[in-house]
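Per-chain residue numbering starts at 1, and chain names A, B, C and D are given in the order in which the chains are listed.
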Amino acid sequence: MQFYDQEVSSRFLIGTALYPSPSIMLEAIKASGSDIVTVSLRRESGKEQSGQNFWSYIKETGAKVLPNTAGCKTVKEAVTTAHMAREIFETPWVKLEVIGEDDSLQPDVFGLVEAAKILSEDGFQVFPYTTEDLVVAEKLIAAGCEVLMPWGAPIGSGRGLNNIYGLRSLRAHFPKVPLIVDAGIGLPSHAAAAMELGYDGVLLNTAVAKAGDPVLMAKAFAMAIESGHLSFIADPIEKRDMAAPSTPVAGLPFWNQEHA
Amino acid sequence: MQFYDQEVSSRFLIGTALYPSPSIMLEAIKASGSDIVTVSLRRESGKEQSGQNFWSYIKETGAKVLPNTAGCKTVKEAVTTAHMAREIFETPWVKLEVIGEDDSLQPDVFGLVEAAKILSEDGFQVFPYTTEDLVVAEKLIAAGCEVLMPWGAPIGSGRGLNNIYGLRSLRAHFPKVPLIVDAGIGLPSHAAAAMELGYDGVLLNTAVAKAGDPVLMAKAFAMAIESGHLSFIADPIEKRDMAAPSTPVAGLPFWNQEHA
Amino acid sequence: MQFYDQEVSSRFLIGTALYPSPSIMLEAIKASGSDIVTVSLRRESGKEQSGQNFWSYIKETGAKVLPNTAGCKTVKEAVTTAHMAREIFETPWVKLEVIGEDDSLQPDVFGLVEAAKILSEDGFQVFPYTTEDLVVAEKLIAAGCEVLMPWGAPIGSGRGLNNIYGLRSLRAHFPKVPLIVDAGIGLPSHAAAAMELGYDGVLLNTAVAKAGDPVLMAKAFAMAIESGHLSFIADPIEKRDMAAPSTPVAGLPFWNQEHA
Amino acid sequence: MQFYDQEVSSRFLIGTALYPSPSIMLEAIKASGSDIVTVSLRRESGKEQSGQNFWSYIKETGAKVLPNTAGCKTVKEAVTTAHMAREIFETPWVKLEVIGEDDSLQPDVFGLVEAAKILSEDGFQVFPYTTEDLVVAEKLIAAGCEVLMPWGAPIGSGRGLNNIYGLRSLRAHFPKVPLIVDAGIGLPSHAAAAMELGYDGVLLNTAVAKAGDPVLMAKAFAMAIESGHLSFIADPIEKRDMAAPSTPVAGLPFWNQEHA
């Protein structure tokens, strides 16, 4: 799978906030098998030594860094943060968050499109945190985005996929754009369900970092994401409205059942 | 994990019907990592040579055989079939199906309890295919069953978990009885969700055998079942009604955030 | 609509427990428009004067009384209670509850079928409180029941319809038997949904009696139940997977649109 | 209830497209009890006599007309259509649709906000057809809208409420703005559920016009919408996770149960 011109092997993108300790974070990232970690610039901009330590921990994972603009509420703030991130992390990648509402932390889709355009024109490779809105998606693509990251549910809510129909619709309308469900995932079954819809990846943070055992949970999500992806490829059975026997009733071997 | 006195390592129990060919079945079972395969006696009772071949295929998997009484509609038929199975497969295990209704293939819980009692008293170790009914569960346990296999949805329907509340309730009422969701699973996310409820295992057949690529799908389910189990152990986050930031807004390192 | 040989005009059956006061109960029953109220014998068997008062309140509603065996846990207890009820309330009707489990108050389907048989043979007209189990339904009908009352969810839980697929299946298998969803309803939309499945009536108690304004809530449920029933008759549109315009785009009058 | 400065008594807003005939439309509108009908200008702009007839039918209902800009895909088109509508229908009201996507007919929230601003400044009273997006809602209000009409699901899909969490969140964030669920409703239970969330009204068209019996279905929806509204006022019981008896087990009158 490719995001922009970068090949990645894992479909699990993982966040670096909220872990009980840096060493648990490190172990969890390893257990996740992720190639890509998101990092908040805000954290890094502190003057504390701990910033340095944190950065060295991240480096140790060997993962690509996807800096994010978490907490930014205006286009200007997000653009400035992105520039700082590019300098610090030496990558054109940026997970673009323009937060429009304090409780739900939902995207401000207006600011998002505007910031995405500014940054794309300036050479950034933007991963926009967006809603499942098809029209917004179209505008983000027009603004230069080659990846979209619709939410499953509000950040940190653990609710899973609030609007499955909307996410399925987005997938159907953009069959060739890499789509990553970002935010709201609480359980591995949620992540598997996203992948079963044909999504290309899942980004999450809280569900791992705040689990009782983050390392084990990271492993669980890694398996679920891979599982959902394999299922999508393997062409699952259709739901049937009435029950059908899985065991032929006649006394014939199963490879003859078509003739029974 | 133990079923009766047998230790098993995989929580995925897989069926042997409906595959496109015996060799695909064999590969799918291998990919599933299952320790236990269910086999229908009815198929084996045919006089065709193919019966012998089928049996040798099953042996090749190295898995324990859980003979089933699929297609039996009366206590007598189920008991007779179980006896034949014990002779042929040389195991006290039997997956007891007493089918009460042709369309949904749902259990006849009356016949089921009666047959479970007869067979348990006769030394069988019964795995009853049942509904999520708590009272029926109590009676099955009183009849000697040490494992219960409630349905997720009708056999072959691929609908997943029709009554999540009922399944959760069953788990809560029988915390120490091994519980396996049997039937109705269509997608890995369904299987993961069952395990996230604290179930001990998942038995399925159609969702693998009739998938476009049964071998890949077997692998997908294996990962999902393990994933859901790990998640249950790892203590997932609670759902929250309002969004919460997963990234602290202050410029502090994350391990200090409690003091922020 | 008929239950046994009695014509009733309302499809809303209402309970008489848990109201803040008898006068509110009376008003709520009037607001419900119910023809049928369920009454627990246990309450009536007290020696208090209040029992007499309660009974006179019920009479004032003009509704048919459907005595219930609420709280009975054995066949014997239920049968004895039914006999007392027949004497006191002078009706062959009985809502038969044989409770099998203390937390969920779910039916003991074994005891239920046995008691239904005993009572039917003794001239009772039994309204069994049951699950959505098709096989149990068949046995209750064979035992003489001409009405079935499957649960939506546990009594008093307000959860609505826990197993919509099961309830739909029951309706499909017994197109001519009057079916009433009994228990678990919390909101008018739940009751409407039950009727939209083609159910013949809804019985509830807690959702009205424990609402902030029981009288207003009784009215709300009356409308929802009637609404769902009308919808079932009026042949609703099918769900569509993709959106379709409800307004023709051409400049033609709507009655010509077929030719547009 | 008020929309802008107009008092309305019914919370059911009904569309005028897709009926089998004008007389059935007329009857259905009467059965709905609606005070407000939406009318597409596009239909009226035809040169056919039938346009005149249609208009006289609408007048006969006595309902307020809410002209809509259905089918408009650009700000300019919507604004022009709104102006024509104001002239023809002599009302400052306009249901503003700026369609952003052909399959789902979903709003283009960018064009919507822009057109809402232009029209509000020009003295229109705008009812914007929008999504459940909180940030878009904020911008529409800033643009002058005093009513919001978020979708339940795509127009004509009959799917109900695709994102209940989003709709609940919108209600919570704008407790004083009249909110109407517009589009996607298929069944009365969907409409009741919208009102139970605290919404102020429901607008629908296809679910009535394309039902087998539109007149009966209009009546069903009228009852469901009123029912859901009453329920919201009457303070419903909370869902409980475990069952609770609705009938006290002790032999005490119900008004003493607190002391039992």
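Throughout what follows, contacts are C-beta pairs under 8 Å (C-beta built on N, C-alpha and C of every residue); 3 or more make two chains touch, one makes a residue touch a chain.
Everything numeric in this text was worked out from a predicted model, so none of it was measured.
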{"item": "Angle (degrees, nearest 5) of the CA superposition of chain A onto chain B", "value": "180"}
{"item": "Shared interface numbering between chain D and chain C [over half = same, under half = different]", "value": "same"}
{"item": "Relative to chain B, chain with the most remote C-alpha centre", "value": "D"}
{"item": "Repeat of interface B-C, chosen from A-B, C-D or A-D - more than half of residue-number contact pairs shared", "value": "A-D"}
{"item": "Whole-Å separation of chain centres (CA-atom averages), chain C against chain D", "value": "31"}
{"item": "Centroid distance [mean C-alpha coordinates] between chain C and chain A, Å", "value": "46"}
{"item": "Centre distance in Å when chain A and chain D are each reduced to the mean of their C-alpha atoms", "value": "34"}
{"item": "Residues of chain D engaged with two or more neighbouring chains", "value": "103-104, 106, 153, 159, 169"}
{"item": "Residues on chain D engaged by chain C in the complex (per definition of touch)", "value": "15-22, 25, 40, 42-43, 45-46, 48, 50-51, 53-54, 68, 70-71, 103-106, 153-159, 183, 186-190, 192-193, 196, 205-207, 209-214, 216-217, 219-221, 223-224, 226-228, 230-231, 233-257"}
{"item": "Chain C partner contacts - residues on chain B that touch it in the complex", "value": "100-101, 103-104, 106-110, 113, 131, 133-136, 138-139, 153, 159, 162-163, 165-166, 169, 173"}
